[in-house]
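Consider the two complexes below, in which subunit A is the common component and subunit B and subunit C are the respective partners.
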Partner chain A sequence: MSDICVRFTAVSKKYPHFLLDNISLELPAGSILGFIGANGAGKSTTIRILMGLVRQDSGAVEVLGHSMPADQAAAKQKIGFVSEDMRLYGAATLAWHMSFVASIYPDWNQAYADKLVRRFDLKPQQKIKGLSHGQRVKAALLLALAHQPRLLVLDEPTTGLDPVARREVLAELMAVLADEERTILFSSHNTLDVEQISDRIAFIDRGRIIDFADKESLLDRWRRLRLVVPATAALPHLPGIVEVGGSDRLPVLTTSQFDPSVLSLCTDRGATVQAVDTMTLEEIFVANVQSRRELQPA
Partner chain B sequence: MNYAMVRRLILKDWYLNRWLIMASVPAGLASLAIVLTGKPVAFLLCIILLCMIIIGVGAQLAMATTINERKEQTLAFVMSLPVSWREYTAAKILANLILFLIPWLPLTAGALCVLLLPGATRGLVPYTAIMSVEMLITTCLIVVAGIITESQAWTTVGIFCSSLGLNVLGYVFAHLRGISRYMWGAQVHWSPTAWFVLIGELLMVPLLLGLTFFVQSRKTDFL
Partner chain C sequence: MHSDIVVSQFSGRPMYLQIMDQIKQKIAVGDWAAGEEIPSIRQLAVSLQVSVITVKRAYLELEREGVIVTQHGKGSFVAPDPALSPRLYEEELAQHLDRAAELGTSLGMTEKEIVHRLRKAVDQVSETRLEKENS
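Moving on, here comes the complex of A and B:
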């Protein structure tokens, strides 16, 4: 089997009011992809195609060496899936769910499941309908983790969680990351969560992947420059400028292609660099989306 | 086809609907017992209650196993398991059929036995058998509507139409010469007409379920 865990090649899917357009991405085994997009950007559609639940109109999807959706049953044997809109059976207990899932996956680890029950402070004999939203998410995460999947697909799992439950879920995910063989796809519109756990980032907007890079290189190449431009000098043309704010004299430039040579370029043109600000993932995401939308209005 | 997975999904539906199924058998048998009182009104009451129980179980089962799974968002959980849509559809069809047969078989057998008791109108046996199978078809239709449309509204329309169809067909069958002629007789008489209707009904069951497989195989989106 190849080292590529997930491979999307020119995948498209058309709905009456939405187009997932020519998605191509590769996720190597052991990597953690943060999949960021606004509501309706195409995250869930992409994940449903990945899981074989929606058939793409064109393009190829390969997950753990299996072609999707044709080979989905074999692929899902090694996938753990938790989605914000996924529910467990309200009338059944967590213990029943655990025994049901354990009967399906040969790699079910009961000791680990029991450990997660304690760590998440869950009661196996309690019916799912009696659990809070946070407890339900933790229960779903427990079921997804305890069969020790090679690929963990998390579609906005922290949405709607209170800060304590969110922290617990993220902490468990961080613990899971210790397994370097496990690949994780973590979709969210909460960039803070994604920033904490991911080593790769993909931005999706209006059905298109608009950026896909290592987290560190992404954070490194996005900067906000605060300049002072004297009346005698012109605003320097810098590479990768996506946004120009501030005033003519005190412009604030956002660049997606920052490197130290940019600073000398500014000073060569007579401008003074007052500050070089790093940007959060959220700021990068918003600047990226806004600049693309300005270039390609809907 | 992963038969072990299909079996697990059927057992899951049994577990989640076991109280409905288990309660329907004694309830149905109790309504059958009413006829033993011998009063003329008891016969009518027994038929009404029995039909209500059998049709009600079929409709509730189809709703709970197909529509509610989507409505309550548990479908995503099931489909996250190593199961293909072919296996899911097979499991749904078989679960509904098997779970429905659990009350249907003893209640149909009970109704036929009651008609064979001394003093009973034995001629009603073929008609009762035909209407019992018609109720099985009604349930299959509701299951088909539930699986194919995945819509509560369309499944409710399916329940309404199949219940109406049951009454209309009951009237039509009761007025077929080959059935009506022997219906009130003291002996069981299986006329060619009665056989023709019964076999036709029985063939409808695999036809409907096969149609479900065909339509499901053409779907591209399952969630």
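Moving on, here comes the complex of A and C:
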């Protein structure tokens, strides 16, 4: 078995009003990939292709060594999947769901399931229709976690959760990662969650991967610079500028290719560097999407 | 053992630097003794609930600075170097001075004013010490 858990190679899928365009991704075992995109960017389509629920028009998808969708039955034994539109049976209890899922997956771990019931503060005898949104998400996550999948695929797992439930879910995801053979891919538009726990980040916009990098180097190369440019000097040309704001004399520049040499480029041209600000993942994502959309309107 | 490290997403300081700062402080005050084994990258990531790659980066930088050593397959340890603590304080001082200079400049203070404020701070420290000795 290779150390690559998920591999997309030039995957495309065309719909009448949407094109998933040439997606390539690699996710090593033992890491967390945070998949960030606006609504309609292609996150869910990508995840459905990954799960074998939708067949790609072209390109190859390999999950845990299985080719998708051809080999999906074997792959799904080792995948835990939770998505927003996944429904549990309203009239049945959580306990019923647990024994149902346990009957499908040979690796179901009842002791772990019981532990998660307590940790998520759920009641096994309660019917699903009586659960709040947060409790339903936690119930679905419990069912996915307790069969100890090698790969967890979560479509918007923290959306709509209250702060306490969000903490519980994130904590449980990190606990999974204590085992270095296990891998998580999760999509979210909550960039804070992604920034906190992801090792790798993929930005998707309008059906294309616009950035795919390990989180530390991504955060490292984006900076916002505030400069003071004297009337006699001109704004220096810097690498990787995606946004220019502020005024001529007090420009605010956003760069995606920062390194310390950028600062000497500024001072050499007579400008003073007032501040070099790090950016949050959300700011990076928005700046990235906006600059691309300006360059290439839909 | 390591639950008292806290990282904030809102401090504006990258998380790997926050982890480095706090590990250095633990070593400087003796919470983690020279040569002692420290949590593995994955253990610390799980307990802090931050990504493995962030903790890995903090450990790599700490290794580069000679604060910790990692033995492949055995784990990570505080470096045995006894001259470690003064250097850590030295670095901390340099950081604080940088920050003070930055803040002073952004408040529009002149070089003279910043130096004057530092002198005042030094005076205050020695005054407090005198008062303590006299009381």
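One rule holds for everything that comes next: the second predicted complex is superposed on the first by the 298 of 298 C-alpha atoms of A that agree within 3 Å, B and C clash if a C-alpha of one lies under 4 Å from a C-alpha of the other, contacts with A are read in each partner's own complex, and residues count from 1 in each chain.
Rule of thumb we're sticking to: a contact is a pair of C-beta atoms (placed from the backbone, for glycine too) under 8 Å apart; a residue touches a chain by one contact, two chains touch by 3 or more.
Quick caveat: nothing in here was measured; it's all calculated off a predicted structure.
Enquirer: Should subunit B and subunit C be called a clash or a fit once both complexes are overlaid on subunit A?
Expert: Once both complexes are aligned on subunit A, subunit B and subunit C fit side by side.
Enquirer: With both complexes overlaid on chain A, does A:A74 touch subunit B (first), subunit C (second), both or neither?
Expert: Touch status of A:A74: first partner only.
Enquirer: Please work out whether A:W96 is in contact with subunit B alone, subunit C alone, both, or neither, and reply first, second, both or neither.
Expert: first
Enquirer: If we overlay the two complexes on their shared chain A, which of subunit B and subunit C does A:K215 touch? Say first, second, both or neither.
Expert: Second partner only, subunit C.
Enquirer: Could you tell me if A:L53 is touching subunit B, subunit C, both of them or neither one (first, second, both, neither)?
Expert: first
Enquirer: After the fit on chain A, how big is the angle at subunit A between subunit B and subunit C, using C-alpha centres and going to the nearest 10 degrees?
Expert: 150
Enquirer: Have a look at where A:V286 lands relative to subunit B and subunit C in the superposition and call it first, second, both or neither.
Expert: In the superposition, A:V286 touches no partner, neither subunit B nor subunit C.
Enquirer: By the touch definition at the top of the document, which applies to A:L177: first (subunit B), second (subunit C), both, or neither?
Expert: In the superposition, A:L177 contacts subunit C only.
Enquirer: Just how close are subunit B and subunit C at their nearest CA atoms in the overlay, in Å?
Expert: Here the least C-alpha separation of subunit B and subunit C stands at 26 Å.
Enquirer: Please write out, lowest number first, the residues of subunit A touched by both subunit B and subunit C across the two complexes.
Expert: Correct list for subunit A: none, the interfaces share no residue.
Enquirer: Using the touch definition up top, name the residues of subunit B that touch subunit A in the complex.
Expert: Interface residues on the subunit B side: 2, 5, 8, 12, 15-16, 72-74, 76-77, 79-84, 87, 220-223.
Enquirer: Please output the residues of subunit C touching subunit A within their complex, sorted ascending.
Expert: 9, 12-14, 16, 42-43, 45-46, 49-54, 57, 106
Enquirer: In their complex, what parts of subunit A are in touch with subunit B?
Expert: Those residues of subunit A that touch subunit B are 48, 51-55, 72-77, 79-81, 83, 85-92, 96, 100-101, 103-105, 140, 144.
Enquirer: Under the stated contact criterion, what part of subunit A meets subunit C in this complex?
Expert: Within the complex, subunit A contacts subunit C at residues 30-32, 170-171, 174-175, 177-178, 180, 192, 195-200, 214-216, 219, 274-275, 277-278, 280.
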